[in-house]
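Input: structures, listed below.
Each of the next two complexes has chain A plus one more chain, namely chain B in the first and chain C in the second.
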Partner chain A sequence: MEKLKSFLSGNKIAQGVLIGVYVLITSLALYLSQKSVVAFLLLLFSLLLLYYTQLSNRLKWLLAGVVLVGVLPWAASSGPSYQSYMEVATLVGIYVAMALGLNIVVGLAGLLDLGFVAFFAIGAYTYGIFATGQASNFMPFGEYPLSGESFWLFILVGCFAAALCGVLLGIPVLRVKGDYLAIVTLGFGEIIRIVYNNLDKPINFTNGAMGISSVTPPELFGMQFTYPSQFYYIVLGILVVVMFAVRNFEYSRIGRSWKAVRENEIAAQSMGIHLVKTKLLAFAIGASFSGMMGVVFAAKQAFVDPTSFTLLESITILVMVILGGMGSVPGVILGAAVVTILNLQVLTEVTNWLNQMSMEGAISFPEALSPSKMQRFIFGAILILFAIYRPQGLIPAKNPVFNEEELKAHAAKQTGKKSSVPEDRAMQA
Partner chain B sequence: MISEILQTLPQVLVDGLTLGAIYAVIALGYTMVYGILELINFAHGEIFMTGAFVGVAVLFFMSGAGWLAVMPAILALLIVLVVTSLVTGVLGMGIERVAYRPLRKAPKLITLISAIGVSFLLQDIVRFITEWKRGNYIVTGPQLFDSKIGLDFSSIWSHFNDAILKTSSVILLVSAILMMIGLDFFVNKSKWGMAMRSVAQDRDTAALMGINVNKVISLTFFIGSALGGATGVLFAMQYGTINPYIGFILGLKAFTAAVLGGIGNIRGAMFGGLLLGVLEMFASANLQKLTGGVFTAEYKDVFAFGILIIVLIFKPEGLFGKAVTEKV
Partner chain C sequence: MSILAVSNLTKKFGGLTAVNGVDITVQKESITAVIGPNGAGKTTFFNLVTGVYQPDNGNVQLGSTSLVGLKPHEISRHGIARTFQNIRLFSNITVLENVMVGLHNHLKGGIFGTLLQTPSVRREEKRAKEEAYEWLEYVGLGSLLNEEAKNLPYGAQRRLEIARALATKPKLLLLDEPAAGMNPRETRELTEFIHRMREELNLTIVLIEHDMKLVMEISEQIFVLDHGVKIAEGKPEEIRNNVNVIEAYLGKSAVTGA
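Presenting the complex of A and B:
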């Protein structure tokens, strides 16, 4: 066993082959036995294995792309539960993007935002209102509902609307001490929900508690997007953009100033970082991811109502970030996937199984304890346990390690070059 | 329009003070913990909710055993209050011991997350126990006091309408005021109160002066939670129906009250609670008339939240708090 381990950890080709075989087996298993949720989960699990291999980064991305774009939809496509698998995969994608957004706010900038779902709601309602007849109640010009082609534009509109709200909320709040932020955002999340719930009077903006139904599906070159298997690709596309943005932000100047603000505000400020600006940017960027996914969510459900945006949702996204690891992009992706699948599949499966057991009389099981109702309990327990025992999460954030010698040599070369220039000039003179 | 507002004013004041008394006592719990640990105890709203449920459970037990019929209502209330505050007080101490003490040196963000976890955990534990035992998590408790008193405001000034006061409101107000006076006395006059104030001021120096800091913090949580639980009982009596999710929005408003009065300041929290209660009742009664029907009474939560933001922008130290400069 030890031998095998050491062989594997040294040999990249063996790792690659193993991953390939694993993907092949699980995808075939899913292809052949369509009802097996386990096969579906194991196939998704291959992405985590891939993360831990020592293949080059480019190859990892390539393989992940192949699995997500080709293998997963293909393996799931042959049976009746195709759409439900794709629904789960789409929702995982939506939550991954939101968790990545919250990760910027909580993980990188260290601002606890408990009303994150508000931005999701803003995105969803932005599209929901304009893609139905709702907008004709207050817009003086234009014809509503807008056509499905406007969806692509609205991804950007939702993004900016959410970012704007993030800034508007942030300006008053971010100037005061950090812990107030948690409670104010908590309130903000509730307030947005209450406002959307009551904005059917005096002018009917949101249709109140009834919600907005039959939202126009997106359309591209005459093709309508109505099935989860189609939305899957939209979400995947946005996700690529989001991940690219996150990775670039994290290691840029702004990303480093977020981390500095998180570690110590006063020290960061004295190093010349503009506190409010930095925090506002974190807020706006985090919110914008959420806003984009809100638009997709509205189009996918074709229905928007205030009950989708409760405090529980905000806390769910927070749990994803804490579980995966604050500030760690792969961790947050894992956290989002685990929590979403737990929520959508595992809890319902376990509940069904328990119900069946108690129907057969094997055990007596009170309805009140059914796992699908216990989300709050599970999330609360995860939050406490991770806060106490593993605050860095499942995959802790890594700071890039620099080789000191190399940097020094590089710096010496640079300064040597610079200092040599005036010398040359001096000689010429 | 003004005469309409004036007519309802006495009733608004009475209801507002009742609601404000609840906010005030819960705000005390927030403000005490914040004063001593600089931590927003998110679970406090849930402790209040647990108190309401424990109180109703005790009442159900007493009426099931036939004790309610034979004893005077006020004695029954006293028993319920004492039992509930002991239970929630111990619960608060336990929460501090399990979820906050291991994190005392951790970054504040982590402690806050733990606090949110506790709050969610409590909500669901109360939910499933209630649902398991009673089949539904929305509970209406037995009413001890259901008489009403008419207050003759119109004889004071003819523009006022008469107000109606429920007996339970009187009891609520009296108990809340007693609790507040008792706490104020305890903190300012007793030896333990002095220890609490010193720990709040400087934990390390207090420890050097021979104060058992852990014990004082436990005591703070006990007192805050006991008061919160007792308020829960009073709330259940006043408003009848309770569910496991009442603690959240009420806790949020009580926290607003604590910030309004200056967080860490006990008398400020009492005043902030009463003020917020009256303001909120006024808003819910008159918002529709004042804005010509644009905002309905549904927006009263938004109103309370707006107050929080305004206070945070213009006077973050609250009405009675002192501005603190952060030391490096």
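Presenting the complex of A and C:
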């Protein structure tokens, strides 16, 4: 075993081959079996394995792309539960994007936000209202519902609407810090939900608690998107943009200013960082990811109502971030995937199985402990175990490693041409 | 030529007047010390100059601009940098990144440039790394660039704070008890280093310090605060023999010789 480990740790080709074989086996298992949640999960697990290989980053992205775009949908497409697999995969994607957004606010900028789902709601309602007859209640011009082609534009509209609300929320809210901020954002989340719940009179904007139904499905070149297997690709596309953005922001001047504000506000300010602007930017960018996914969510469900945006949703997204590892992008992605899959598949499977067992009389549960009621309990227990044994999250945040040799060489060259530092200052003066 | 002119500066916290009508003038490229017993209002004075607190009265003038009413980040932009009495590093990020945060105002990368990683943003980021590393070498922390700031030993943390402050390219550097917790050898090195900074970077340095040996050796001008009031100013030898100062530090009996 040890030998195998040391052989693998140095050998990139072996790692690549192993991953390839693993993907092949699990995808074939998924393809050939009628319905196998285990095979589906194992196939997704290959992405985590891929993360831990020592292949170059470019190759990792390429392989992950192949698995997500090609192998996964193909392997899942054989059985009757194709759509339900794709539904899960799509939801995972939606939650990953939201968790990445919240990670900017909580993990990087250190602002605890308990009402994050509000931005998701804003995105969803933005599309929901204009893609149904709802908008004709208050819009004096134009014809509603808008066509399915407007969906693509609305991804951007949702993004900006959510970002704008992030800024508007931020301006009054950022006067408070820490726990107080958490309470105020919690209030904001509830306010948005309740406003949508009651905005059916005097003018019917949101159709109140009834919700908005038959939202126009997206359309591209005459093709309608109605199945989860189609939305899967939309989500994947947006996710690529989101990850690209997160990666670029995290290790930039802006990302550093977020971290500086998180670590010490006073020191950050005295380094010249504009506190309010920096925090607002974190809110706006985090919210914009949620807004985009809200639009997709509305189109996918073809139905929007306020019950999808409760406090529990905000907490769930926060749990994804904390479980995965605050401030750690791979961690948060994993956290979002784990929590979504736990909620949607594993826990339901487990309770189904337990139900079946008790029906067959193998074990008997008292009424109060019936498995269907236990889902939340099991979920909570898992979280507690993680809090005890893995407090920094599944994949803890890592700092970048700078290349000392290169910087040293450059610095040596600089001092060769007379110390550069005073020169710089002379230019400043 | 004076670079910093503080006149009639007053700050009250409830019933306590922490700084009371203080006038201080700092000469360009000098090393000036602000001393006084604990609770004399020295750190409050720094906080007023750097905009952490707003004064109730009086004026703070840097060159020809008044700093009253400006936010800390704006004052930083005008060329004042500081270190803190209780070290305030960005503990969980690397040493190099700490210094890169100091470069914040000298970098331009905006939202869209960063999002799209335009060539100019990439170039700037590379330059920032190089420059931050040069500052680290300047304070002698080059080899620790990838450590998390919280893992550094105490003396190194103090030097990192200085490197971070220098990266903002200040005209005026405020050091709040830079020698606190240092052993005599480290204090000696610090003395040399402060001199070197002034010579090589054309800096004006104001420091708060309790180590009298350091203060007397290094400063050209000393201001003494007690209970928020300036009780003396002058050259080290004048301060050493000033009756008011001795009284403030040692009590009345020390002066009357009882």
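Keep in mind that, in the parts below, the second predicted complex is superposed on the first by the 383 of 429 C-alpha atoms of A that agree within 3 Å, B and C clash if a C-alpha of one lies under 4 Å from a C-alpha of the other, contacts with A are read in each partner's own complex, and residues count from 1 in each chain.
One rule holds for everything that comes next: contacts are C-beta pairs under 8 Å (C-beta built on N, C-alpha and C of every residue); 3 or more make two chains touch, one makes a residue touch a chain.
Small disclaimer: the values here were computed from a predicted structure and weren't measured.
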Practice task
Return first, second, both or neither, reflecting whether A:Phe402 touches chain B, chain C, both chains, or no partner chain.
Solution key: second
Problem - Touched partner set for A:Ile266, first chain B, second chain C, both or neither - result: both
Problem - Contacts of A:Ile382 with chain B and chain C, given as first, second, both or neither - result: first
Exercise for the section: Answer with first, second, both or neither: which of chain B and chain C does A:Arg390 touch in the superposed model? Expected result: neither
Exercise for the section: Mind working out whether A:Ala245 is in touch with chain B, chain C, both or neither, as first, second, both or neither? Expected result: second
Exercise for the section: Based on the superposed arrangement, let me know which partner A:Asp179 touches: chain B (first), chain C (second), both, or neither? Expected result: first
Exercise for the section: Determine, under the contact definition given at the top, whether A:Ala411 touches first (chain B), second (chain C), both, or neither. Expected result: second
Problem - Footprint overlap on chain A, where chain B in one structure and chain C in the other make contact - result: 266-267
Handout entry: chain A residues touching chain C - in the complex, by the definition given at the top
Key = 245, 248-249, 251-254, 256-257, 259-260, 263-264, 266-275, 281, 399-402, 404, 407-408, 410-411, 414, 419-422, 424-425, 428-429
Practice task
Going by the contact rule at the top, pick out the chain B residues touching chain A in the complex.
Solution key: 38-40, 42, 98-99, 102-103, 106-114, 116-125, 127-128, 131-132, 137, 248-249, 252, 255-256, 259, 293-294, 296, 298-299, 301-302, 305, 308-309, 312-313, 316, 326, 328
Exercise for the section: Could you pull out which chain C residues touch chain A in their complex? Expected result: 50, 52, 71-73, 75-77, 81-82, 84, 88-94, 96-97, 100-102, 104-105, 107, 109, 111, 114-117, 121, 124-125, 128-131, 133-135, 137-138, 142-143, 145-146, 148, 164, 168-169, 171, 200-202
Fill in the blank from the handout: Per the touch rule above, chain A residues touching chain B in the complex are 106, 110, 112, 114, 172-173, 175-180, 182-184, 186-188, 190-191, 194-195, 197-198, 201-202, 266-267, 311, 315, 318, 322, 366-369, 373-377, 379-384, 386-388, 391
